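Have a look at the structure below, then the notes.
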Amino acid sequence: MKLTLKIWRQKNAQDKGAIVEYPIDGIEPDMSFLEMLDVLNDQLINKGDEPVAFDHDCREGICGMCSLFINGEAHGPDRGVTTCQLHMRMFKDGDTIFIEPFRAKAFPVIKDLVVDRSSFDRIQHAGGFISVNTSGNTIDANTIPIDKHDADKAFDAAACIGCGACVATCKNSSAMLFVSAKVSQYALLPQGKVEAVDRVLNMVHQMDLEGFGNCTNTGACEIECPKGISLENIARMNREYLAASLKG
Amino acid sequence: MAQSALLNASILKKVAMALSGLFLITFLALHVSLNLISVFSENVFNEASHFMGYNPLIQFVMQPVLAFGVIFHFVMGFVLTIQNRNARPIGYAKYNGAANASWTSRNMIISGLVILAFLGLHFYDFWFPEIGYKYVAGTAPDATRYYGELVHKFHDPIRTGLYCVSFILLGLHLWHGFSSSLQSMGMHNKYSRFLSKVGYGYAVVVPALFVIIALFHHFNN
Amino acid sequence: MALDSKIPHGPISDKWTNYKDHINLVNPANKRNLDIIVVGTGLAGGSAAATLAELGYNVKAFCFQDSPRRAHSIAAQGGINAAKNYKGDGDSVYRLFYDTVKGGDYRAREANVHRLAEVSTNIIDQCVAQGVPLAREYGGLLDNRSFGGTLVSRTFYAQGQTGQQLLLGAYSAMNRQIGRGKIKMYNRHEMLDLVIVDGKARGIIARNLVTGEIERHSAHAVVIGSGGYGNVFFLSTNAMGSNATAAWKIHKKGAFFANPCYTQIHPTCIPVSGDHQSKLTLMSESLRNDGRIWVPAKLEDAKAIREGKKKATDLAEEDRDYFLERRYPAFGNLVPRDVASRAAKERCDAGFGVNKTGEAVYLDFAAAIKRYGTEEAYVKGLDANDAALVTKLGAEIVKSKYGNLFQMYYKIVDEDPYTTPMMIYPAVHYTMGGTWVDYNLMTTIPGCFSIGESNFSDHGANRLGASALMQGLADGYFVLPYTIGDYLAPDIKMGPISTDLPEFAEAEKNVKDQIDRFINNKGTHSVDYFHKKLGKIMWNKVGMARNEKGLNEAIEEIAALREEFYKEVKVPGTANGLNQELEKATRVADFLELGELFAKDALHRNESCGGHFREEYQTEEGEALRDDENFAYVAAWEYKGKPSDAVLHKEPLVYENIKLVQRSYK
C-alpha cells in the first residue's frame, strides 16, 4: 500500500506546530496502525530526521496509552478498538490519512502526537476511590451479596481504559463519559454508596476546574469509546449529582 | 463545597438548560393549540386570544415567566457554547463529526440561532404591536381584532416562507432537545426511551402544525 | 558473600504469623519522618505505594507511563487465585501452596510460597472492599473458574480483564493517597540508577521523560516493582515500554539476579505476521479447553497451505496430526503451558507450520462447535442431523464462551475463527526469574526491595495461571508493608537524606554520561534494529528449547551485538525533552547485558525444569528431565563488571513439606 500521511508535528509544548506531509510506501494490510508509524519512524531515523513521537504501550487495547485522531475520528475509523488495534486493512491504497493529537484545552500537547492527560488523574485523585485501608482485616468478600446485574453494570463502567477518546471526539471536549464511568462503578456497588455524595461533587468539581467542556448529549463519545462505555453512565452521574447537590 | 461552585457546576447548568427547554416545549403546545383554533373558528380564536391578552394572571405572571424562560434558555445556550468552544482552543485539521453524532445534536446553536432570529421577527410582527396597542397607545380593548391581524401577517409569501423555514429548524432543535433534556436530568431507562420517542413525535407534529397553519392562512385568504 | 534467605524458623504454617509478631515496628509518628521510593506502579508497586502511604510513610512513586493506571499488569486476562474454598471443593492454603510449588517444578522457596497462599484470601477481601467488580453469580456471591494445573476452582475473575480491574483497584487506593499528599506521583519518569550511601539504598536518579531533566530523589528505602524482562526477546506479550532497566541497574549496584533463564512461553498467542511485527498478543489459555491443536500430517500439505494453495478446511481428518492428543493421550490439549509450547515448536521446526512464516499451528473449534451444537439441538428438541443447524447452534455457544477472544483474533488476523481454524504460536509471556530477595523481599542491597514479577521468589521455574496477579498484590498489600517496617525501624531518627551527597552526584554523572554518549553517537542503525537482532538470538538460541552449543553461540553473539550497539546506534534528537528513541536506547542497553546473563544461566543449569528446557536433558519421550540432586538451588548472579564475569551464588532449596516428584502428563 502507498499512502500519504498528514501528521501533526510540534517540537514541544511551546512550539506552534503544523501538519507535515509524509509519503509512505510498502505498507501491508496486516500491519497495525502503530506498526505503520514504526515503519515511518524507522525511515525518518535512517534519513537523519526526528521520528514522530506518539504514545503507546501495551498494543493490545487495554492500557489506554495510545491515542491519535485519525481522519477526523478518535482511534480511527474502526469501532470498538484503540489505535493500536486498528489495522491498515481499514485503509485503501492511495489514501491520505490525517493523524492528529487528541485535542482539548485539558489535554495540552507535549510533543507531536503526545498529549498530557494528567487532568484525568487529577479527577481521580478528587474522589475516584473507596476509602478503605489495606488492613487485610476487611470483612469477608462474600459477606455482602451484590446483585449480579449491578455487578455487571459496575464492571462495564469500570472497563474504561482512560484513553481520552471521549474528550477528543466530543465537539465540546467534555469528559463526562470518563468521569461518569468511575462515578457509576462505585454508585452501583454497596461499598461505594457511603461516599457517593462527596465523590460525585468532588470529581465533577475537579472536572470543571480542568477546563473540559459541557456535555450536550450528542452521543459521539459512546460511539468512539473503544470499550463501549454507555451514555447511561452520564445520566446516572447527572442523577447522582443532582441528588448530591440537593442533599449537600 | 462552596455554594458558588455548585451554581457554576457544568451539570447544573445543563439541568437548568433542560428544565428551561422543557418549559418552552410546554409553552409551544399551548401556542400551537391556540393557533390551531384559528383554522377552525375565527370567533373562538378571537375569544381565546383576547383572554390570553387581558387575563392579569397570564399577562403579569405567566408572560414574565415565559420571557425569563426564553431569555435564560438562549443566554445559557450562548454561555455553554462559548465555554465549549474554549475547551478546545486548537481545533482539528480534519474532524469527522458526522461519523458519530447527528447533525441536529451537533448544531443546536445553529437551529437555536435561527429560532432566536425568528423570535425577533415574531415579536416585531405580533408582540411589539400588541404591547404598543395595549400599554403605549392605551387603545381600548377590542375582542375581534386578532384573527384579522393574524391573517394579514400571513399574506406576504416571504414572511410565510421565513416562518416555515424557522419551524423546520425548530423541529430539528426539538428533535435533539427533548431526549437530551431527559438525559441531562439523569433519565436513561425504558421510560426515557419511550418518552424520547414521544419527543421525536412532538418534534415532528408541532412544527408541522405551525407550518400547516401558516400555509393555511396564506393560501386561504 | 553467603546468601541468607532469612526464612523464619518453625512449622511452615506458623512462620509468617510468628514473624509478624516479632518484627520491629515503626510508630505512626515516626513513619512521617521516613521516605520510601517505589519504582513501578503495577499490581505490586501500586499496591505497595498505596499501603505504605496509608501506614503513614512518605511515598514517592515513579512510572514511565503517563499514569500509574497504565502499568502492564492491566493486560492480565484470566484471573487471580485465592484459597477461599467458596466452592467447597476441598481447597485450602496448603493445596494452593502445594499446587504452586509443584507447578513451579520444585524450584520455588517453600516459605515464600506458603506465605503467598496464606495472604491470598485477604487479597480478595481487600479488592472487593475497594470496589473491584469481580464476577458474581446470580445469588450475588463471587464466582470462580478453574484454571490449568489444579484440581479445584479457586480463580476469581472479572470477565477477561481481571488484571485491569485489580490494577484499577490499586490505582484507586493510590489516588486516595495522592489526593491526601501522602504519595507524590512522578509520571513519565524513568529510574536510571540506584544511589547507595554507606552500603544502603538511599535514593535513585530518574529522568523526567518530558523535560529530559535528570533528577535526584532520596529516600530511606527503595522498592523496585518494575515487572519482568520478557522484552529481552523483542517480541513478547509484554507492553512496548516494559523494561528491565530498574531491575538491571540495581543488579549492577550489587543486587543479585536470580534464575534469569526461567521464562514462561505461552502457547496460545497470535502468530507473527511479518517483519514489521512489534509485539505479540496473547489469547487466554481457556481456549485450549475446547480447541483442538493440529498441523497437517503430510509435509506437502503444510507447504501447500503456506503457499496459499490449500486451506485448513480442505484437509481430511486423516491428513491432520493432532500432535498433543497423539503425544499426551491423558491430558491431550490441556497439557501445561511449557509442554504445549515445545510440542508446537517441534512440529514447526519439522516443517509442518501453517502460516506464511511457517511458525503457526491450528487451534480448531470445529469439533467443539459440532459437539455443542448437537447437544443444543437435543436440548431444544431440534434435528441433530441437520449439519447447518448444528453448526449454527454450536457457534452460538462457542461465541458465548469465547466471543471476545474470537473478535480480537478476527480484528488482528482478519480470518473468521468460527469457520476456519485459528492459528496460534507460543510467545514469551512472563519471566519467573528476577532480582534475588530474601524472605523480607529485600535484595542483597540493604534497603533495596524488589516485589512482584521483578523478584524471583514465588513461581520457581514455571508459573501457574492466575498466580501472577496474586503474587503482585500479596507482595504489595500484605508482605512488604510489614517487612519494610522491620528494616526502617532503626532509621527513625535519621531525618531526610540530602541529595547533595557525593554518591548522588556520582550516580547522576554516570547517567548523564550514558545519555550524552547515545545522543552524540553518530551511528548508522536505529535502536530497534539492535533490539530485533537481540530478540532473534534470544528466541532462536535461548528460547523454548536450548542446548549447550546454541547457548555458547548466543553468549558470544550478544556480547558482539552489544559492542556493535554502542558503536553503531543512532539516537536522533536531543536529551532535553521528550525523546522516545533515547528511552529505548537506555532500555536496550540493559537488555543487551541481561540477555547474556540469561544465556549464561541457561548454560550453567544442566537440567530441564519448567520454563527452562535443555535439549540434552530430556526423557526418552522428550519430556523435561530435572536434576534435583545437583540443581535444587536458586542461581543468584553477582555482577562483576560484565555479564560474562558474573559470579554464581547458590541458595539451596530445602523442601521440608513437599516431596519432589517428576511431573508427567501422559
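The first chain written gets the first letter, and so on, giving A, B and C; residue counts start at 1 in each chain.
By our rule, a contact is a pair of C-beta atoms (placed from the backbone, for glycine too) under 8 Å apart; a residue touches a chain by one contact, two chains touch by 3 or more.
Quantities reported herein were computed from a predicted structural model and do not represent experimental measurements.
Visitor: If I average the Cα coordinates per chain and compare with the overall Cα mean, which chain comes out closest?
Guide: Per-chain C-alpha centroids compared to the overall one single out A.
Visitor: Based on CA centres, what chain would you say lies at the far end from subunit C?
Guide: Farthest chain from subunit C, going by C-alpha centroids: B.
Visitor: Taking each chain's centre as its mean C-alpha position, how far apart are subunit A and subunit C in Å?
Guide: So the centroids are 26 Å from each other.
Visitor: Centre to centre, by mean C-alpha position, how many angstrom separate subunit B and subunit C?
Guide: 62
Visitor: On a C-alpha centroid basis, what's the spacing between subunit A and subunit B, in Å?
Guide: Subunit A and subunit B have C-alpha centres separated by 37 Å.
Visitor: Taking the complex as given, what residues does subunit A use to touch subunit C?
Guide: Within the complex, subunit A touches subunit C at residues 11-12, 28-32, 34-35, 38-39, 41-42, 44-46, 48-51, 53, 55-65, 78, 81, 85, 87, 89, 110-111, 114, 116-118, 120-121, 124-134, 136, 138-142, 145-148, 151-152, 154-155, 158-159, 161-162, 185-186, 189, 191-192.
Visitor: Tell me, which parts of subunit C touch subunit A in their complex?
Guide: 47, 50-51, 54, 65-72, 74-75, 84, 86, 119, 122, 124-142, 158-159, 161, 164-165, 168, 171-173, 175-176, 178-179, 185, 187, 210, 237, 239-241, 273-274, 276-279, 281-282, 408, 411-412, 414, 477-478, 481, 526, 528, 570, 572-573, 577-578, 580-581
Visitor: Give the list of subunit A residues in touch with subunit B in this complex.
Guide: 6, 8, 19, 69, 71-73, 77, 98, 100, 103-106, 169, 171-174, 201-202, 204-205, 207-208, 211-220, 223-224, 231-232, 234-242, 245, 248
Visitor: Can you tell me which positions in subunit B touch subunit A when the two form their complex?
Guide: Residues 1, 5-6, 8-15, 80, 83-84, 86-97, 99-102, 105-106, 108, 176, 179-180, 183-188, 192.
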